[in-house]
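Same chain, two partners: chain A is paired with chain B first, then with chain C.
== the complex of A and B ==
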């Protein structure tokens, strides 16, 4: 914050503004200066967040238990430790798998429910509430329910037994081959409703005449969905990609409450790694900070990448359309 | 979207939809059914009569109310400033704020933890309210600014010609006109603050400061894994959120939809 202060105060000086603004446009001085109106938001948000990031970067070069304990500078050791820790790479792998599966399921499920509930169906608003409940109720509140569904004598195994697939029953949460799957399925369960709300809203904006024109041209339901509806809600899909990426990177609640990242770190995520480092009695805040910095770099880099690529694609499409019109 | 001219196709769609909804009901059904195992309603009576049970709700309400007040004031002021007032290098400040738009909260935990320890803020509601506000403000400012941009400048000019100062313009023109978006955003903030888990878990370390998301763990300790009571507690915790969602469906969905267009 301190480094930011002198720069931010200067431009607010009224004479500095009047001088420059007045030369360019006569109207400008009529608009009152408003720097102090954005100060609260800047201080709370930009201040706290940038402070945390910078401080995080600083701590990440120390071996530090927090509080009054001594800070031992250890250079890049925390980063080296992270990159050579097999658990870290498990967490990265889990994040990628989680992101890909949940994103795909959310898009498919969200589009399906949105399209279905935009059709004439009986009790539509009841279905809507059922789909959205998992989004609004805290994962922390629902976690005990998920444990009951997936544990050895839980609902899933009971269903399997009752349909004659008793051979498939297993301890879903307690074995390292299936724990990640449980976390991912719970993630899908909780996020389809979010995709649904967004697609449902976006589909309301689509011009019904366009759909009608498609029908007149003989397009079936699926054809309309893929050729007319989906291209029109693409902005939503791109937003969902970025939001899901962030969700996967910071995933904590469900994992911690259902599997605690285990067994044997099989369902570890970066969020749970950072938390357990802070909560442990032999904590190293430096290591937790190094992991945070890595997470941040991944989050920023990938969301910029997604945004750039989608912009590039959009620009290409616009160009193509323009070229088509010119011809 | 799907056209269902014939009665059969309508029935097929209805059946497919019903089957697709079943997985959503399984955990909820399990939660409710198992919460009655053993003592039946007695589980609920036991949960509700645990001393300090309502304290969890009160604490969540404090966190939510604190976040909402701070976010509302900061957001509306900033939206006004960014949209209608003259600020040098305005877009630079806006960009600085937007860069934090999709910041995962977990990266703040380590630095904030050590800062909270140093400042003696550990175990105060501020240690949760401020980070929640900090993380939500970029998003609420983005949406609110977009909305305020849509309010014609002439309204503000007219107010100024009538002798209104900046404060008066904010109070009598901006706040009333921006109310629809403010409500949608605040419903979203309410849900996010109410459902926050990681921040309270790390910072609200005192026993009497638990929030509702920490209830399941509290009951697991309290009842030594007496599952029906843990689930009864979860049901009681989920009900206010579900009621709030059903009552505020429109605002809630508008807020979420606004959030996705960032």
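== the complex of A and C ==
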């Protein structure tokens, strides 16, 4: 039996002694030495994840209700249906709005609290715990509380009544104009803590001498924050942008638990659309798969775009710095 | 082969074996197996609740002590998402619930054996006529396979009211639109909600109100539109939406209707005694029981429940054309036997007893949450304890008679797309921030709906 598997090579001694004559020759392994040990993980990840993605792409070209029901090939009809469905575009619009608002609030809130708690603040540790708690509590646990806050006879309306603003009370969850706002506010509430954790950690890595040098040069707190701290945590901001985008595209739990995408689809997201297609009594797995593929393409394409843009900017900055040095 | 290479090969083989085992379907059961007197049966369903199922099983075991039945209850959506992969992988139950809604017989039917021969052996050649109207037909696939036998029927299209609140308010149970407005004014005056309704989310409960109002406008309209013989934006459809808008403007429908779905919003408001009326189906009859009402109130958040007298009433004739509003109903669900089951003999015995024996159906009748599927079986009132028997028993008997007599299906002939479109239309009517005329909403409903071909002759 011919085997392509390499002989065991001591990584510390890449050149092994030849069996005859002792001539040193390089053993070029066809398969990396540790490959066999990652085979199980590779099989599982490829099998379960990438196979599922490919299979979703495959069934997106069928009218299929799952199980042993007939699979009728319909070409790109599911994609055409998605792109001509007004609810799909509502979901896309809601995703963009959610991403922009939550990302902005997360960055501003995260930087603000991280910068503030890097100073010596009274009861700083307590504030850290309070800020981080929303990150660790499961949405399913909090959803009933959020509903209680925003429903017609809930906390927000009670507060408005008590301060003489009864005219502003309304059905926050049960109106098309405000249901998305409730979902976004709940998202913001949970996201600031995550931004804080990352920014706080990143700020810890900034060289104190650089800050000190800034102070010696007469920079105030705000100047240090914007000119020294923020440029040094830019990688975190880019990571948060990508993570928020993916979160917005996949958003399901809070929306489903609070508004179920309603009323009249006003707070619909791609995640809730996909779930509705799968969970309905006349399941439409082909259409749900087409939506999932669209979601995947948007997520991957936008993540790559954000990465490329950040690299371009980094290259420009490096070029500008080099040019400055040359001058 | 050296040791590491052996380990690698062993690992790959083990993973492949596990994967193949996990993906393997069932080996196939014997559909012709004779009913057996012993064995083990697993039963999965979204209904009944576990305590009710345990009562059914205990009664079954009095007759068949050597058959062990294990019931597993799922939340409705979880059941739909669990059952197909389980059946596909050969890990499914021996017996499972199968409803008529949304073309379910065609979707899950391929996993079930044909139960027509069993029904014929048990009830004779005219077995189909022994079941309630249309129940057996509703559980057949389009190719005519009887994939499930009916356990019970369900009806809707009426309201339940709290007698105590009406008495306190000095209001009469409404029979038409004007008397409903009048009753609501009196009930609101004592600080109670008149009619609680949850139309938020994606629940299809609001479609029952639409159907009830449509029956008041024109008893033939709803099913005609559902099956494509009429349009949802015909004058009758516009009138239905206009009545819903009027009900909102005149205070019949409360302003928080879109805060959540019928469950929990409306159920809790009614069970807590905060609301005088709610629209629920026949399943609500069970809460007339002197014990079950307590557990229902506790589930709604009442700490020390004091049961109240709840009674069914016909949906008010809101269109005022003298049509009344007839209830509508169909088979609620049936029991199917997994074609890959290794226990088909015992499963047949269980399904036969539950669906086709008088003893099994008497259990269903006495639970008063379903209409018994087998004709001629009625609740044994001596075994049922109500909160106020003198008032509730005749009302429930009338409800059973009306429900059994109905010829209108509930959701069997309405596609899921249409049900969703009706829900959205009602939400658009009730949402004060949506500026669309009822004509425009009706037109959108027509555009989003999909006509059903089920049961169309």
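Methods note: the second predicted complex is superposed on the first by the 295 of 327 C-alpha atoms of A that agree within 3 Å, B and C clash if a C-alpha of one lies under 4 Å from a C-alpha of the other, contacts with A are read in each partner's own complex, and residues count from 1 in each chain.
We take it that a contact is a pair of C-beta atoms (placed from the backbone, for glycine too) under 8 Å apart; a residue touches a chain by one contact, two chains touch by 3 or more.
If you're wondering where the values come from, they're calculated on a predicted model, not measured in any experiment.
Within the superposed three-chain model, A:280 lies in touch with chain C and out of touch with chain B [touch as defined at top]. Legend: residue contacts after superposition of the two complexes on their common chain; A:105 is shown touching neither chain B nor chain C.
When the two complexes are overlaid on their common chain A, residue A:174 makes contact with chain C while staying clear of chain B.
In the superposition on chain A, contact of A:67 is made with both chain B and chain C.
Of the two partner chains placed by the overlay, neither chain B nor chain C lies in contact with A:183. Residue by residue along chain A, chain B and chain C are tallied for touches, and B comes out ahead.
Legend: residue contacts after superposition of the two complexes on their common chain; A:264 is shown touching chain C, with no touch to chain B. Looking at the shared chain after the overlay, A:137 reaches chain B, while chain C stays out of its contact range. Of the two partner chains, neither chain B nor chain C is touched by A:241.
Judged by the touch definition given at the top, the superposed model places A:153 against chain C, while chain B stays out of reach. In the superposition on chain A, the residues of chain A contacting both chain B and chain C are 8, 36, 40, 44, 47, 66-67, 278-279. Chain contact summary for the complex, chain A toward chain C: residues 3, 5, 8, 36, 39-40, 43-44, 47, 65-69, 147, 151-153, 171, 173-178, 259-265, 276, 278-283. Interface residues of chain A, counted against chain B in their complex, comprise 8, 11-12, 16-17, 20-21, 28, 30-38, 40-42, 44-53, 55-56, 59, 64, 66-67, 109, 112-122, 127, 129-134, 136-146, 148-149, 154-155, 189, 192, 194, 197-198, 200-203, 211, 215, 221, 224-225, 229, 235-236, 239-240, 242-243, 246, 249-250, 252-253, 257, 270-271, 274-275, 277-279, 285, 288-289, 292-293, 295-296, 299, 303.
Across the complex, chain A is touched by residues 1-4, 10, 13-14, 16-17, 20-21, 23-31, 34, 70, 73-75, 77-78, 80-82, 84-89, 93, 96-97, 100, 102-115, 117-118, 130-131, 133-135, 137-138, 141, 160, 166, 170, 191, 194-195, 197-198, 201-202, 212-217, 220, 227, 230-231, 234, 237-238, 241-242, 244-246, 252-254, 256-257, 260-262 of chain B.
On chain C, the positions that touch chain A within their shared complex are 4-5, 7-8, 11-12, 15, 19, 77, 80-81, 84, 87-88, 99, 101-104, 106-108, 110-111, 199-202, 255-261, 415-417, 420, 424, 427-428, 430-434.
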